[in-house]
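Written out below as structure tokens is the structure these notes cover.
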Amino acid sequence: MSFMGGWNNAANQSVNMQNMAMAEQELEMVSDLFNRIVSSCHQKCIPKTYIEGDLNKGEAVCIDRCVGKFFEVNKSVGTKLQQMSGAGLPM
Amino acid sequence: MDFSQFNDAERNHLQRVMEQKQMKDFLKLYSGLVERCFNDCVNDFTSKTLSSKEASRKTLTLDFLEGCIQKCADKFLKHSERVGQRFAEANAEMMGGAK
Amino acid sequence: MSFMGGWNNAANQSVNMQNMAMAEQELEMVSDLFNRIVSSCHQKCIPKTYIEGDLNKGEAVCIDRCVGKFFEVNKSVGTKLQQMSGAGLPM
Amino acid sequence: MDFSQFNDAERNHLQRVMEQKQMKDFLKLYSGLVERCFNDCVNDFTSKTLSSKEASRKTLTLDFLEGCIQKCADKFLKHSERVGQRFAEANAEMMGGAK
Amino acid sequence: MSFMGGWNNAANQSVNMQNMAMAEQELEMVSDLFNRIVSSCHQKCIPKTYIEGDLNKGEAVCIDRCVGKFFEVNKSVGTKLQQMSGAGLPM
Amino acid sequence: MDFSQFNDAERNHLQRVMEQKQMKDFLKLYSGLVERCFNDCVNDFTSKTLSSKEASRKTLTLDFLEGCIQKCADKFLKHSERVGQRFAEANAEMMGGAK
């Protein structure tokens, strides 16, 4: 019964539209970040001469490091912007 | 994202939102792949149809081993998949660290 | 009377929202495809030295072939993705 | 797209959607054209206003024969129109083949 | 009392959805124009060798002129498109 | 935009729209900055983490004076701010001229 409960209750529950908008925005941000990483790391790691359809060893290692470094930059810039925002600087 | 903070109605709502998002992301992957592989592989406009160097004529028979377009598409899908794996790991780590 | 019928009937007809969403998405896809072709074929066929405002013969022929080839690639990749999707591969 | 599958209310709805879409597409064409022609034609920032090489001073009098911006805009519009014609043909063919 | 009036009246006033859609579209256009200028002028004026975090004199002057010229091009092309649109040409 | 043509309910509505827009624009600025500075500064994938040339290790202590990423981010924000000032002036002038 427990796993069915969700659907029975759902009709009587109210949906907090503001929370939903925030959750949707978070989903949007994660998906946007993913798409940007796919694009940047493709440019950095995959040569435009397509000799084979598989990823070779060098490309695979490059992708792993590229994703890691992109996350580092994303975090570092995010921290910077939050500090500025908190300090009341114009953005 | 932490879903435990939401009630069932909200989870149902987000479920539908995520399904729509997945469809949109798939279409974006599709159109991005076409654009990228076209730009990288097709540079000769002296002929009307794709040359064998640009694309294998046997595309419809699943023979994706020849032709720039096919290799480019294959490689891009594998690239996206690998980025997805690393992304999920890094995201999980970030979420863990934020708690 | 026939061509007026549409507007008289419309008020009593229900709009299938799911069909509408699918139709809107199809419109969106066609328009997105068009915009990408405009952009890619401009890059491939139009030199950045603007000597004249008209398209010359070579540019016009290049555009025609470029659109044709883009459709070919679009179809080929679409077929590939459908096969993978049907085969249950992760995407 | 095959509209015969829809009832009148749905056709009315899609009609409105398409009109909004056309407006949006027009604005996109406009802003894309400005961006492209600016990037291709304007490279000198030693002066405050556009040079005669960059753009004809007679813009407002419909004289669009001189200046890089004007030629670029003209050519881009003709390019878009030609792509539109070929696109419509290829799309119709694809739809015909799919039936 | 005057500055509070707005909120008291608001509940009884109807919102003209068509006007709102047009106003939102105008906001969207202004914001889109701004983002395109940021991107184009960054490409034109900021070298990719980041020697310092500040804008130097040359970069600052370049940005000012770049924004001015972008507005000029935007206006000139807008005029052109309006004339064509008024003349009933296909777009 | 001239707001005097709207009633209070409409102004309230537009107020909310603009707040959402500002949030979206901020997120766009953020992601655009990351993408740009990553592409311009990070080109070495022989190491797993950012080198000191790519980014200062002291990022979290507000030391934004060293490292390509930090300089790029600083410069991009100052660039955006300056474009914003000139944009507001040019926009006001255009509006004034249109009356």
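Every chain is named by a letter (A, B, C, D, E and F) in the order it is written, and numbering of its residues begins at 1.
Assume contacts are C-beta pairs under 8 Å (C-beta built on N, C-alpha and C of every residue); 3 or more make two chains touch, one makes a residue touch a chain.
If you're wondering where the values come from, they're calculated on a predicted model, not measured in any experiment.
K.L.:
Can you list every chain that touches chain A and also touches chain F?
P.N.:
For chain A paired with chain F, there are no chains in contact with each.
K.L.:
Show me the overlap between the contact partners of chain D and those of chain F.
P.N.:
The common neighbours are E.
K.L.:
Determine the shortest chain-contact distance, in steps, between chain B and chain F.
P.N.:
The fewest touching-chain steps linking chain B to chain F number 2.
K.L.:
A-B versus D-E: which interface comes out with more C-beta contact pairs?
P.N.:
A-B
K.L.:
I'd like to verify one number: the distance from the centre of chain A to the centre of chain C, where each centre is the average of its C-alpha atoms, in whole angstrom.
P.N.:
Spacing between the chain centres: roughly 28 Å.
K.L.:
Just curious, how far off is chain D from chain C if you go by their C-alpha centres, in Å?
P.N.:
Measuring from centre to centre gives 14 Å for this pair.
K.L.:
Can you work out the whole-Å distance between the CA centroids of chain B and chain C?
P.N.:
The answer is 19 Å.
K.L.:
Can you pull out the residues of chain D that are in contact with at least two other chains?
P.N.:
In chain D, 41, 64, 70, 73 touch at least two other chains.
K.L.:
Going through chain A residue by residue, note those that touch at least 2 other chains and give them in order.
P.N.:
Residues 45, 68.
K.L.:
Can you name the chains in ring order, beginning at chain D and moving first to chain E?
P.N.:
Order round the ring from chain D, first step to chain E: D, E, F, A, B, C.
K.L.:
Which stretch or stretches of chain A touch chain F in the complex?
P.N.:
25, 29, 32-33, 36, 40, 43-45, 61-62, 65-66, 68-70, 72-74, 76-81, 83-84, 90-91
K.L.:
So in the complex, the part of chain B that touches chain C is made up of which residues?
P.N.:
23, 26-27, 29-31, 33-35, 37-39, 41-43, 45, 47-50, 54-55, 59-60, 62, 64, 69-70, 73, 77, 81
K.L.:
Where on chain A does chain B make contact in their complex?
P.N.:
So the residues of chain A in touch with chain B come to 5-7, 9-11, 13-16, 19-20, 23-24, 26-28, 30-31, 34-35, 37-39, 41-42, 45-46, 48, 50-55, 59-60, 63-64, 67-68, 71, 75.
K.L.:
What part of chain B is in contact with chain A in the complex they form?
P.N.:
The touching residues are 1, 6-14, 17-18, 21, 25, 28, 32, 36, 40-41, 64-65, 68, 70-76, 78-80, 82-84, 86-87, 90-91, 94.
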